[in-house]
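Below: one structure in structure tokens.
Every chain is named by a letter (A, B, C and D) in the order it is written, and numbering of its residues begins at 1.
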Amino acid sequence: MDDDATLVEDLRRRIAASPFHAGFGISVEHAAAGDVLLGWEARPDHRNLQGLVHGGILATLVDIAMGLAIRTVVGPSRRHVTIDLGVHYLRPARPGRLEAAGTVLRVGSQVGFAEGSVTDATGRSLVRASGTYSVTQERTDGATG
Amino acid sequence: MDDDATLVEDLRRRIAASPFHAGFGISVEHAAAGDVLLGWEARPDHRNLQGLVHGGILATLVDIAMGLAIRTVVGPSRRHVTIDLGVHYLRPARPGRLEAAGTVLRVGSQVGFAEGSVTDATGRSLVRASGTYSVTQERTDGATG
Amino acid sequence: MDDDATLVEDLRRRIAASPFHAGFGISVEHAAAGDVLLGWEARPDHRNLQGLVHGGILATLVDIAMGLAIRTVVGPSRRHVTIDLGVHYLRPARPGRLEAAGTVLRVGSQVGFAEGSVTDATGRSLVRASGTYSVTQERTDGATG
Amino acid sequence: MDDDATLVEDLRRRIAASPFHAGFGISVEHAAAGDVLLGWEARPDHRNLQGLVHGGILATLVDIAMGLAIRTVVGPSRRHVTIDLGVHYLRPARPGRLEAAGTVLRVGSQVGFAEGSVTDATGRSLVRASGTYSVTQERTDGATG
């Protein structure tokens, strides 16, 4: 995708300003209207008993990528709040460099739809996900973002 | 539910032995065959830009509860690995005490199904979730658990 | 549940007035605010090559139950349109009498959440489902209902 | 995609032999290993009270497309049975010509993952879906296909 420097800058500012995002440690690799690519390093302390990266962490990563993709489209006056998140785990993930992509499918006046994926350093697809977001201007029904 | 002391002990041992679970900070409140109740404290650094607990964190919490519920049923010789995770966000979550419940719907020879929920200290339902788990003895298709 | 005769009557009228619902052949067994129970007969021509009732038919059945449950809560001036539908198939279904239950989890000003299930004549759970619905008064983002 | 004439023929034979598929009225437009494209005509009697094609019908259509895509990969000795189906409704569907695509993401020894979509005659995306399938040789946990 062609980077949009203003969008990249805006997303980086948002990440720095959010306690959770800042602590999670993601970097914005690319961003354009409707598309975001994040980099993230899975550490040994993200492993479960089986030595694999915990699925909740991967769900978090891909939800962030999809939410930020929605963010690039809705404009500053609207909120985005996750209504539902669906994650499929195709292959196990091990500590190391991962990438997460988020892509907008559609943003309407009230609801936005996105899809996402997580790949490892060799380009193998580990996770495929979908998310629905409330994108209204006022206080919403949903919950989290 | 009636507690099963052996199950509670086994789950606590597993949590302590898993780098991710130990760091996440959950406590096993109750456990019986097919049912697990966890306690967890959402901290200020779990908040996003809107001041709400990030949805990925709640997905992680409910995935842990469902996975441990599957764990109480499958026995020590089988693994449980998340195949898919679906999370609905009913209401926003704020820092403070939360509880997460996991309940087994069915465990077959290869696939297990569970449902879960997250509630706040006043008993309001914040999250409803479903999960599918690979529960075979050998190396599996899925990914994370 | 305690039946609400007015709700039962309203749902039956809606089913009769909708070409799709009328053809599908469901009956309203019980209805109260937030809860609907439907009866339906799976016929031999609903079977796939393996002799089992096709999953799409069960998805349809449980989506109808959840949508009608939302219907009992939103009132006549609001529409309900499915945003997302998630279905887990716990056990195979064979031709014969089935029941489908829909239960509202929450209805806000814009989004409604419901859960549903399909059981066979012996009470065994075959399907568990969740649905999100747009419930606004005006023309919505979503799609189908 | 490049058509594989043998796969197309096999899928058409399966559709003709399944009571449900034959009655549903789909046509196989294209098929290659891991990819299937179906054509289908939404009729006036598929409409709900709002005049839109019912979401359950669209869920059925996309589940068929994904299941047949899995079918092109697993070979004749293995079954495919739907474990879970997730459908997002992006835009309303009206009676007329629709196309449904199914694409395999991964097929392992026990579980297969696919994604699907439904588009209208103008190429607009109406539905995006994901499905998980049990693909073992013996009798499985799942349910429907």
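Methods note: a contact is a pair of C-beta atoms (placed from the backbone, for glycine too) under 8 Å apart; a residue touches a chain by one contact, two chains touch by 3 or more.
Note that the structure is a prediction, hence the values are computed from the model and not measured.
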- line: At the largest C-alpha centroid distance from chain C we find chain A
Task: Could you quickly compare B-C and A-B and let me know which has more C-beta contacts?
output: A-B
- prompt: Per the centroid of Cα atoms for each chain, what is the distance between chain A and chain B, given in Å?
  reply: 21
- request: Express in whole angstrom the distance between the two chain centres, defined as the mean CA positions of chain A and chain C.
  value: 32
Message: Based only on mean CA positions, could you tell me how far chain B sits from chain C in angstrom?
response: 28
- prompt: Using the touch rule from the top of the page, what residues of chain B touch 2 or more other chains?
  reply: 83-84, 86, 88, 90-91, 106, 132, 142
Query: Which residues of chain C touch chain A in their complex?
result: 83-84, 86, 106, 108-111, 132, 134, 136, 140-142
- request: In the complex, go through chain A and note every residue touching chain B.
  value: 14, 17-21, 23, 44-50, 52-61, 63-64, 79, 81-93, 126-127, 142-145
Statement: Given the complex, residues on chain C that touch chain B span 86, 88, 90-91, 105-106, 113, 115, 125, 128, 130, 132
